[in-house]
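Here come two complexes built around chain A, the first alongside chain B, the second alongside chain C.
Up next, the complex of A and B:
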């Protein structure tokens, strides 16, 4: 079943198209990663899904309904970002108790155990927490609420690597106990890719890729070796990124439409074939030019 | 066991290969129950759907069979068939790569064979 359906969705701010003609569907009980460069429209899209914003044109449906000003949808989703409006005069434990009342699936014990695990003091106040601890607290709310649609907009900002790792595992474990639809925007794709079912990559407000993670891994290959050999085997339209190495060598990232035989042949001719990290791949896919920062410095 | 994020292979294939290794090393024998998708998801910290894909890959090759309501079990002769498959695919591939590197380094075939024999003897000794 579809949890989210978007048709030609657009949102314009100050004549700038933050989200442009976006159509996609997200299935129920899957974890989807939302990635894109800064300003690609990730947060705007998530807010459209959550019903915080009204689309300029197009349509968005969540649980088969228009989410804007819809109580039914609002009751079944939670949106976690770094601007949660939490009551300032309540301690963390009081906040959890208050928040819990809004969510029928609220896991009070789990929330308490996570609070303890991440060394947050129940008597502390949210405003006095560090950036990473605020993120941890937000994340605890997001997990413990067990909402049928859970949206995390860059939930790991400020968290150290160890906390992020624990957070991913906590999310996975709770997801297995209680499957639900999760959307997760992050710049750290390499850290979250194993958790994900699908990836939605947006570029300048438009959908660029929407595919299962497994396919992303095979989407491109890196080829290192003599330029003449590599050029011969790759079509211009396959090239995603290239960088000269030494005198006549090149590192080239190409869309992987090669058959096994071509790759085998290339290997025997001394071309090294390497996987492309999904992080890097997303950078190449969303780049404006096929060069990179080097081009800025080699203009003259 | 840690998955290799630098591999070209999708995660579910890496999980399938790890399970093959478990069968090859007799960790799980014929007609014994193999890990469930949730156990695998926990072990490898991956999405359970990915783990399930790894299992169904082995089931498609008939290395595993399903018992209704009980889970997946290792098929009879799975070990030998996995061994054959790996010789025909992985080992063959590795040999190609070794030969290509030898060619680049202009190592004559006789010397390459010698190197392989020496390595084999060493491996036997270490056992």
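Up next, the complex of A and C:
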């Protein structure tokens, strides 16, 4: 069954198209990564899914229903971002108890254990936490709620690398015990790619790619070698990124539509063939210029 | 594997109400402070006059608990306004929809109005006790209060508190939807107060509105007027916020 179905979804703020003609489906019980540049429309899309915003045109269905102002959808969904507002007069443990009553699958013991593990004092107040600790606390709520649809919008803001790693692991462990649909938006694709089943890449409010992560890893290859040889083997439409390395050598990232023979031949001609890291690939795919920031400086 | 969990409006509203109570316990302290302040101000008297001949001067001071009631009603309005802001800011992070949020706010305001109305009336009793022991009284007229009258006083104050907090909530919700209304509504309100000082048609209408709510002698009719007004305010808010986007 589809958990989320979007058809030609658009959302416009003051004539700016935040989400434009987006159609996709997200299957149940998968972890989907939502990736895109700043301002690509990730948060807007997630808020449309959560039913906070009304689509300008198009349709969005969550659990087969329109999520906007829908109590049944709200009861099965949790949305965690760094804007979470909590009662100021409650301590962390009181907050957990107050929030927990909303969710039938709430894991009080797990929440308490995570609180302890991440060195958050139960008697502390949310307002006095550092940015990273606030994010940790929000994420504890997100995991312990065990909602059929869990949305994390940039949940790791301010966390240090060690805490982030622990959280990815905590999320994965809990997911394996109780599979559910999770959408995870993050700029740190290299860190979360181990978690993900699928990746949804959006660019300027439009869907650019939606595919399983295994396919993404083989989506492109990096070619390093003499420019003339590499140019000959790649068509213009294939090129995703290029960077001059010297007078006549080049590093070029191209769509992986080569057959084995072509690659073998290239290798014999001294071309180095390397896999492309998924986060680099996403940067190339969403870039406006094929030369990256170098384009700006090489204009003169 | 997670399964879809069906819920209903009543249970969500109940949870939301409890959540609101937990989040807003602090306002009870503000109620106590306001009423204590009003009590202290009341002991000074609401009006005084002096009558004198060459030989004697009589200073007449009238003391009443009205200030306590007025302060409490202002508090009720502010609580209504803040509840709207808090609902908009806090409610939509966890399970809610617009309707359940408004209903839970309504229940919360009903409870605060109940507390405010009763405590305000009993503060009036406390004032009388204080006066009896501390002041030289010319007359004890109105010093004692029949229990029935006390009950009636509480009841009426509770209803006024309900009206004021519903108005505050209404204003707060309008303000959430459109910031311009935060300025526009007070301007219109105070403008009409000034207009009421002159004898125009608008002024007469305004006075009629005041008479409608504040000069009703039948308790049953008064109850009906307040309940209908509050219901009307809430229905308007519910319809008004039904398509409202949140967490923008």
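FYI, the second predicted complex is superposed on the first by the 300 of 300 C-alpha atoms of A that agree within 3 Å, B and C clash if a C-alpha of one lies under 4 Å from a C-alpha of the other, contacts with A are read in each partner's own complex, and residues count from 1 in each chain.
To be clear about the criterion, contacts are C-beta pairs under 8 Å (C-beta built on N, C-alpha and C of every residue); 3 or more make two chains touch, one makes a residue touch a chain.
Bear in mind the structure is a predicted one, so any value in this text is a computation, not a measurement.
In the superposed model, A:70 lies in contact with chain C only, and not with chain B. Of the two partner chains, neither chain B nor chain C is touched by A:230. By the touch criterion stated above, A:196 is placed in contact with chain B alone, chain C being left untouched. The partner that reaches more residues of chain A, of the two candidates chain B and chain C, is C.
Of the two partner chains placed by the overlay, only chain C lies in contact with A:78; chain B stays clear of it.
Applying the stated contact rule after C-alpha superposition, one finds that A:270 touches chain B and leaves chain C untouched.
When both complexes are overlaid on chain A, the residue A:180 reaches chain C alone and has no touch with chain B.
Look at A:281: by the touch rule set out above, it reaches neither chain B nor chain C. Put simply, chain A touches chain B in their complex at residues 30-31, 168-169, 172-173, 176, 190, 193-197, 213-214, 217-218, 221, 264, 267-268, 270, 273-275, 277. By the touch criterion stated above, chain C contacts chain A in their complex at residues 1-9, 12, 15, 18-19, 22-26, 89-90, 92-100, 242-243, 245-248. By the touch rule above, chain B contacts chain A in their complex via residues 3, 5-12, 38, 41-42, 44-50, 53, 96-97, 100, 103-104. Residues of chain A that touch chain C in their complex: 29, 47, 52-54, 63, 69-72, 74-76, 78-79, 83-87, 89-90, 94, 98-99, 101-105, 146-148, 178-181.
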